[in-house]
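What follows is a set of structures for review.
Here subunit A shows up in two complexes: once beside subunit B, once beside subunit C.
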Partner chain A sequence: MRSGLRAFARTHEARLLAVTVLLFVFLSFATRNFFSIQNGLDLLTSYAFPGMLAAGLVVVIVAGGLDISFTAVASIAQFLAVSAIGRYDLGWAGLCGIAIGSGLLLGLLNAILVTWLRIASIIVTIAMLNVYYGLLMFLSHGNSINTLPGWYIDGLSWVIGADAHGNPYILNMQILGLGLSFLLTWLLLNRTTTGRQLRALGGNPEAAKRVGFSTLRLNMVAYGYMGFTAGLASIVEAQVAGSVVPNMLVGRELDVLAAVVLGGASLLGGIGSVSGTFIGLALLAMVHNGLILLGVSSFWIDCVTGFVFLTAVATIAWERRRQRAAIRRTIVAAA
Partner chain B sequence: MSAVRGASRPGGLAPVIRRIGVVNSRLTALLLLLVLVFGVVLGNALFNGASIRSMAYQLPELGILSLAMMVPLLSGGLDLSIISTANLVALTVAFLFHALVPHQPGVLWIVMQLVAILAGLALACVIGLVNGLIIARLEVSPILTTLGAMTLVKGISIGLTHGNVVTGFPATMVFIGNGAIAGVPLVMLIFIAVAAVMSVILNHTSFGHLVTMVGSNEEATRYSGVHTKRTLVKVYIASSLLAGIGGLIMMARFNSANAAYGESYLLITILAAVLGGISPSGGFGKVTGLVIALVILQLISTAFNLMNFSQFLTLTIWGGTLIAVAGLGRIRERLRFLQRFN
Partner chain C sequence: MARFLELRNISKRFGGVQALKSVDLDIEAGEVHCLAGENGCGKSTLIKIIAGVHPPDPGGTILIDGEEQSGLTPAESLRRGIQVIYQDLSLFPNMTVAENIAIEHQRGVRLLRWGPVQRIARSAMQQIGVSLDLDRHVSDLSIAERQLVAICRASANEARLVIMDEPTASLTRREVDALLHLTLELKRRSVAVVFVSHRLDEVLEIAERVTVLQNGEKRGTFDARDMTSRRLGELMTGRSFEHHVMDPLGAPTPPVLSVRGLSRSGDYEDISLSVREGEILGITGRLGSGRTELALSLFGMHRPDRGEILVAGRPVTLHSNREAIEHGIAYLSEDRLSLGLVMEQPIAANVAVTVIDRLLGRLGLVAADARQDLVRHWIGELGIKIGSPDDAVSTLSGGNQQRVGLAKWLATGPKLLILDSPTVGVDVGAKDGIYRIVRRLAEAGLAVILISDEIPEVFYNSHRVLVMREGRITGEFEPHRCEEAVLQEAVDA
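On to the complex of A and B.
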């Protein structure tokens, strides 16, 4: 047990967690409103959409790929699904089915193109982002859908308690969706054979191929899962926004990537964890929220976020380099 | 050897293709095809003086920014901070215009404008230097470094301007943005000059060769005695400097500066560069290929505009073109592979 703890203390996640906890404690003392259940719930609600996408993206990155097109996929998924429930009486099943189904299909198309074209996945998915987004804007004429059915606006929520003034704590669809996607990602990466194969593919694609893993199948799992998550996230996003605006989501893909990478996932593939992704997301959310609560002008938030991100990736790179040097020293000593 | 074989088979396209390269001949063929198709469909509506001039006014913004993306791509990296750098440079120059340049034209009026522009480009070099040092010395991946730099630099622009648009420049900027010499737009002349300089630097200087060598195989290049880190730093300085020039062009074209101009260009520059035959994994690519790709993209955009299609459909076709070109390449590869074993 103790050696397990010591091993954990050396991981990237542990250091990230330490920084996050320090920031948490600091913000709890420095601001009046940070340390409250209500603020926590609000944060989870407003970061549910990027968070769910991050949970999907980490799978693609662990498998050695990169997907940039997911914001367009989510836009298409929510546009199709909400258009459909506006016309026919499909209920939750229809809404979820259409959104998740279309997300999944577009994800699978990405997987086929990435595998077959054999050019960098970032390039393929940038091209597909433009294809998807252009088609959506063309076919929708950029018009948003502002009237959602009542049952959808009401959403699903549970009251789980109340504060001293009787204001209820609400567990809403956003928080549930966030929890669900992180749970699914954890199960996929850590509890299935396919998850191990995805990690193997990302760590060493050539070796994975020689062992006999099908690259196409694994890519279809990774990008398909990303599309699935994008579809799920789009339902949750449209519900909290109360409308579907076709050009609302595109342009946020790099923010999601930032959260995943901050969580320690390596763009070289093979490395990345669910817990790290969640802490990375939490850190970015807390920096953002903390700056507002500290009274920093919202105009400077991008600047601070960029600085935090650069510092973090530089630290990660420095850690990795030291680890590599240590391994090299061990090898030399053994020889 | 290959030249001899080419000469022994007179006629055909083979010698021409060998001369200008496979990628460029494919792109030229695509361009000719588009010219033919659009020529039949649109005729004089597309190929008249006014349309061609409007294309010549629009192409340079994306063109110079794509050159800024090309250099790091050649070295096997990427620069996501070019647009935010362009905007910060434009804002800095705009600020210095207001602070330094007197209202009456005169010697000081000219000198101070030059000072402002040079200061802006110097700032671009500093951003590139920081990017380069983090990438080369700390060995952070280029995507992440420049992603962080993008947010940071844009954050500085937003923090300083509160997201407002800055306007009111000396008459020189209006002339650069809208003027023409002998019928050719000035921005086009600037683009041609910058592209020519970059072509010479990348093909005929030792720095250019080092960039492609680092892009092909950084490790091997380092073992052959090249200071690869220094090359990488220079790559990102060049990228930022080109982005700064792109920022000046945008500023002159829009006659204003803002923290968020041209953000949709970012991913399009990668698209243009890759379509132009620049390998996304580094090492291969030519400025001429990029220029042909830019003309193709611009032609599609202008033609669609004339046909009253949505500008967003243009995005779809741009993305589709890249996928199609890559797909054709793959099919040819498969065919050649099959031929060899049959």
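On to the complex of A and C.
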């Protein structure tokens, strides 16, 4: 157990957690409104959308791929589902079925293209981002949907307590959706054989093939799951926004990617964890929120976010180099 | 004996390279069968066809237990009990030792329990008699340890045929013995073993039959009892190899590198030696005798605790390998698989990488012609068998990859070349080629330190041989004045 702890202390996750906790303590003292349950819930609500996408993206990255098209996928899913419930009386089941179903289908299409074209997945999915976005603009004529059914506007929520002034703490569907996505990702990656096959594929695709793991099938799981989370995320996003604006989501890919990479996932594939991704997301959210509460201008916020990202990536790269050098020494010593 | 596997008329073409030409092969249940042949003759390709990784070209048939297999896949081959230890090991560096060994357990779609994974891995390790930390990531292991993981993985499953593609390349003698023991154990359970190795003595030690391939064609299958390593070498290459000890060095030449009282605690003690221009100094001894550690210190990678290193008579402190390179020292490490070569980069780029600054023309751009000449020169000189210099190193056969590693260092035009086991995994013909090159370089004035645990290698290719044991130099021999057996005894003593 002790050695397990010590091993954890050396991981990227541990370092990231330490930075996050420090920032948390600092912001709690430096600003008036940061340290409150209400602010915590607000943060979770507003980061639910990128967070859910990050939970999907980490699966693709662990499997050695990259998906950039998920914002367009979410936009299409949202548009189709909300159009449908505006016209027919489908209820929650119809809404979720259409959004998740269309997300899943587009994800599977990505998987097939990436596997068959054998072109770098980043290129395929950037192309698909444009294809999906163009398709959406064609279908929607660029028009927003501004009136949602009442039951959808009301959403699902539970009161879980109240502060000293009697203002309720609300557990809403954004927070639930975020929790659900991370739980599913964790189960998939760590508790199913498929999850281990995905990791094997990301670590050494040739070896995975030689063990008889099907690249196509695994890519369909990874990109399909990404599409699934994009569909799910699009539902909670439209609910909190109160409307569907076709060009609202596209452009937010990099925030999501930043959270995953900050969380220690390697774009070379095979490395990435659910806990790391969550901490990465939390750090990004806190930096943003903290700077707003500190009254910093929004231009600087983007700069600082970029800087945090760069520092994290540089530390990861530095750490890997150091480890490799250490390994090289032990290899040579053992020989 | 029952025939487990039959290959009929197997051919394989990769772009412009005909890797296999109409090869037939039978594997009996419970036999130990060796595949021998020069680098690039198609051994690994044949193995990958048996494993279902590559389909054979049309016209070839594969029969397992007498049943014809059309469209053999890796999964089907595994299901039929064919386990392969690949030359590149084919492990998952991002996963733990336990998961790598028990990777077959992850097949299918279901919930995963970690208990069986650990159990499978532990029992496989017990069977081989090794102990590795199950929770370490394979990326943190040495090459020898990785090789053990690959061996454990192959024996974790019920197999009918285990194929080992150069499994011993970087194992210590003790581990090789364990592997040979495993082979016998498999044989006892009537599991067939196909074994590839360039250490011909090792091949003959365990094989019952030997199949020789040359340039993708089968030369024949022979009974191992009637075979000598010399005859096998001739069959593989179509040439015969004579060994002569080196003539003593003529006129005294100035020392290139001397070492006085060099020590590094735990690695080596009180080492004094000197190597002159034009001299080949052999260093031999068992693995773990401190030879590699000493070499690394001479190359600036391990700081010695005490003692002096003199280059051209002047004391130097080597803080890094870059400083060593600046002093004209080159070091070809024994482990070319994990160090030195960038597998996905072209051959040409790999050869030229060490001398890139010397190839810079005006404006700091690499002079393409100069680079091409250099690359062509070394590819010719070392007889590297390639399609085009622009192919990735990863498409080369294992032995040819190692020659690319050698070319890269020779291109730096060093004054002292340290070769650590330069012919591991290299076929007899190419070994001979490498010896010739080294001798020629020495005649041109290069000082060479040749480290090897193959006694004949140092005996026939050095002016002087030092024997190391437990970190100390325990003997010095001049091959032209003594017998090979004397040196052998000094090492075994």
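We adopt the following convention: the second predicted complex is superposed on the first by the 335 of 335 C-alpha atoms of A that agree within 3 Å, B and C clash if a C-alpha of one lies under 4 Å from a C-alpha of the other, contacts with A are read in each partner's own complex, and residues count from 1 in each chain.
We adopt the following convention: a contact is a pair of C-beta atoms (placed from the backbone, for glycine too) under 8 Å apart; a residue touches a chain by one contact, two chains touch by 3 or more.
This is a predicted model, so every value here is computed, not measured.
**Student:** Should A:N130 be classified as contacting the first partner (subunit B), the second (subunit C), both, or neither?
**Tutor:** Touch status of A:N130: first partner only.
**Student:** After lining up the shared chain so the two structures overlap, which partner does A:T192 touch, if you call subunit B first and subunit C second: first, second, both or neither?
**Tutor:** In the superposed model, A:T192 contacts subunit C only, not subunit B.
**Student:** Output check: A:G270 vs subunit B and subunit C. Expected answer is one of first, second, both, neither. What do you get?
**Tutor:** second
**Student:** Which partner does A:A93 reach: the first (subunit B), the second (subunit C), both, or neither?
**Tutor:** A:A93: touches no partner chain.
**Student:** Which of the two, subunit B or subunit C, is in touch with more residues of subunit A?
**Tutor:** Counting contacted residues of subunit A, the larger count belongs to B.
**Student:** Which of the two partners, first being subunit B and second being subunit C, lies in contact with A:A258: first, second, both, or neither?
**Tutor:** Once the two structures are laid over each other on A, A:A258 reaches subunit B alone.
**Student:** Should A:A200 be classified as contacting the first partner (subunit B), the second (subunit C), both, or neither?
**Tutor:** Second partner only, subunit C.
**Student:** Going by the contact rule set out at the top, does A:G212 touch subunit B (first), subunit C (second), both, or neither?
**Tutor:** A:G212: touches subunit C, not subunit B.
**Student:** In the superposed view, which residues of subunit A touch subunit B and also subunit C?
**Tutor:** Touching subunit B and subunit C on subunit A: no residues.
**Student:** For subunit B, which residues are in contact with subunit A within the complex?
**Tutor:** Against subunit A, subunit B makes touches at 78, 80, 134, 138-141, 143-145, 147-156, 158-159, 162-163, 263, 267-268, 270-271, 274, 280-281, 309-310, 312-320, 322-323, 326-327, 330.
**Student:** Where on subunit C does subunit A make contact in their complex?
**Tutor:** Listed in rising order, the residues of subunit C that touch subunit A are 51-53, 73-76, 78, 84, 86, 90-95, 99, 103-112, 139-140, 142-145, 170, 267, 287, 292-293, 296, 301, 333-335, 338-339.
**Student:** Sort out for me which residues of subunit A touch subunit C in the complex.
**Tutor:** Against subunit C, the touching part of subunit A is residues 190-197, 199-200, 202-204, 206-213, 270-271, 323, 327-335.
**Student:** Can you tell me which positions in subunit A touch subunit B when the two form their complex?
**Tutor:** 68, 113, 116-120, 122-124, 126-131, 133-138, 141-142, 251, 254, 257-258, 261, 267-268, 297, 299-307, 309-310, 313-314, 316-318, 321
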